[in-house]
Amino acid sequence: MIKINIKCFSQVKYALDTDELRLELKNGTTSVELEKMIREKSKGKLDGISMRIAVNQKYIPNDIKLHDGDEVAFIPPVQGG
Amino acid sequence: MIKINIKCFSQVKYALDTDELRLELKNGTTSVELEKMIREKSKGKLDGISMRIAVNQKYIPNDIKLHDGDEVAFIPPVQGG
Amino acid sequence: MIKIDIVDRPLEFFPNDDSRLQDGAELIFNGRVRATEHGDSITALEYEQYEGMAENELFQLAEETCKKFPIHDLFCKHRVGRVNVGETSLHVAIWSKHRQEGIDAMSWFIVELKKRVPIWKWAIMEDGSRIPSECSHG
Amino acid sequence: MIKIDIVDRPLEFFPNDDSRLQDGAELIFNGRVRATEHGDSITALEYEQYEGMAENELFQLAEETCKKFPIHDLFCKHRVGRVNVGETSLHVAIWSKHRQEGIDAMSWFIVELKKRVPIWKWAIMEDGSRIPSECSHG
């Protein structure tokens, strides 16, 4: 098993009503699989919201395998400025 | 005769070595005729320098007849900013 | 040179500096909070950041901007936390030899900032409620 | 609203104003004197104006800019007389709802200013001589 720390911001925080989630996942779980779990957890509240994935504070261009201790964030459209 | 006050700036001032000229001209003298006189007066120092003409502090789009008391400026390329 | 700062208090603008010898153009952009967000009246925005990543992304973007455009310096401050209507949330200053390259760099920098720097707005409504900005129009 | 000022002393910048409710974008341009003019080292520029006409043309241009672009306010100060290297000769501030219209208005305003407002530069060279800027590389 791997332990993953998930940071929640903006609409993700609003949908899941939490800043942070700690999950234990099967070895070999990928970022896209985790996204699916998070979307299910939100019970439809994240439908229609596009999210980029950051692992250890960097955007990742493709689906990757997660590792024990990774910090993952599902980044809804940003709104700085 | 009409009295014309000519304001000199930048390269025109430099070429004629004066801030201001007061000339008496024949009735009916036009702005373009006056420009010719000024260019002659500069002894070639204004050759190759384009100038727009302002009469009474407004750019004029065409050649016009000058009137007694007019203030005329030959405006070399401006350089504000 | 690049300076990046994300702060949770009112922004102090970069001070006037008359000592620059080759910067003919100084361009400053201040993004301010408007009293309406998606048509609704608000009293403030609350900016949320992904701490660490927001500053890193902003710095990397500033570096890219300085490579892509012939500018000399780019300084940027972004405010987080509650920002009242009228106050400045984003302060960017760019110095360059000529005007146009500064304008082009400013345009691009802000467009990209709004695409990739992980900062979000929560609208503080007149009744005190607090919702992600994108949700405020239903 | 429009404010135009031509002054013969160091420019005071427009003060920070957090009371604007609908201006999401504040764009400020400062034109500064560079240490080289047409490749020659200078110590200062001396700006000459056609008094009266320069201010009128600048005001008219500001009015045109406010008609042509959806901006709220345009303030502009231009300095005349001696301006040392590094100092600001032109200070323009534009307020608008969104960023892009302010950037477009700023670009156009300055391009037009440099075409029609009767202000000229004299270069003050390192040896103290004073020549119209255009002649300095002749």
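A, B, C and D label the chains in the order they appear, each numbered from 1.
Keep in mind that, in the parts below, a residue touches a chain if its C-beta (ideal position, glycine included) is under 8 Å from a C-beta of that chain, and two chains touch if they have at least 3 such contacts.
A quick note: this is a predicted structure, and the numbers were derived from the prediction, not measured.
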Moving step by step between touching chains, how few steps can get you from subunit B to subunit D? 1
If we define chain centres by averaging CA atoms, which chain lands farthest from subunit C? Would you check? B
Which whole number of Å gives the spacing of the CA centres of subunit C and subunit D? 24
Distance-wise, how many Å sit between the C-alpha centres of subunit A and subunit B, to the nearest whole number? 73
Let me have the rounded angstrom distance from the C-alpha centre of subunit A over to the C-alpha centre of subunit D, please. 49
So which bits of subunit D are touching at least two other chains? 31, 110
Can you identify all of the chain pairs that touch? A-C, B-D, C-D
The answer for subunit C against subunit A in the complex is residues 31, 47-48, 50, 52-54, 56, 78, 89-90, 110, 113-122, 131-135
Considering only the defined contacts, which subunit A positions touch subunit C in the complex? 7, 9-11, 13-14, 54, 57-59, 73, 75-81
Show which residues of subunit D lie in contact with subunit C when the two form their complex. 13, 16, 18-36, 84-88, 97, 99-100, 103, 106-107, 110
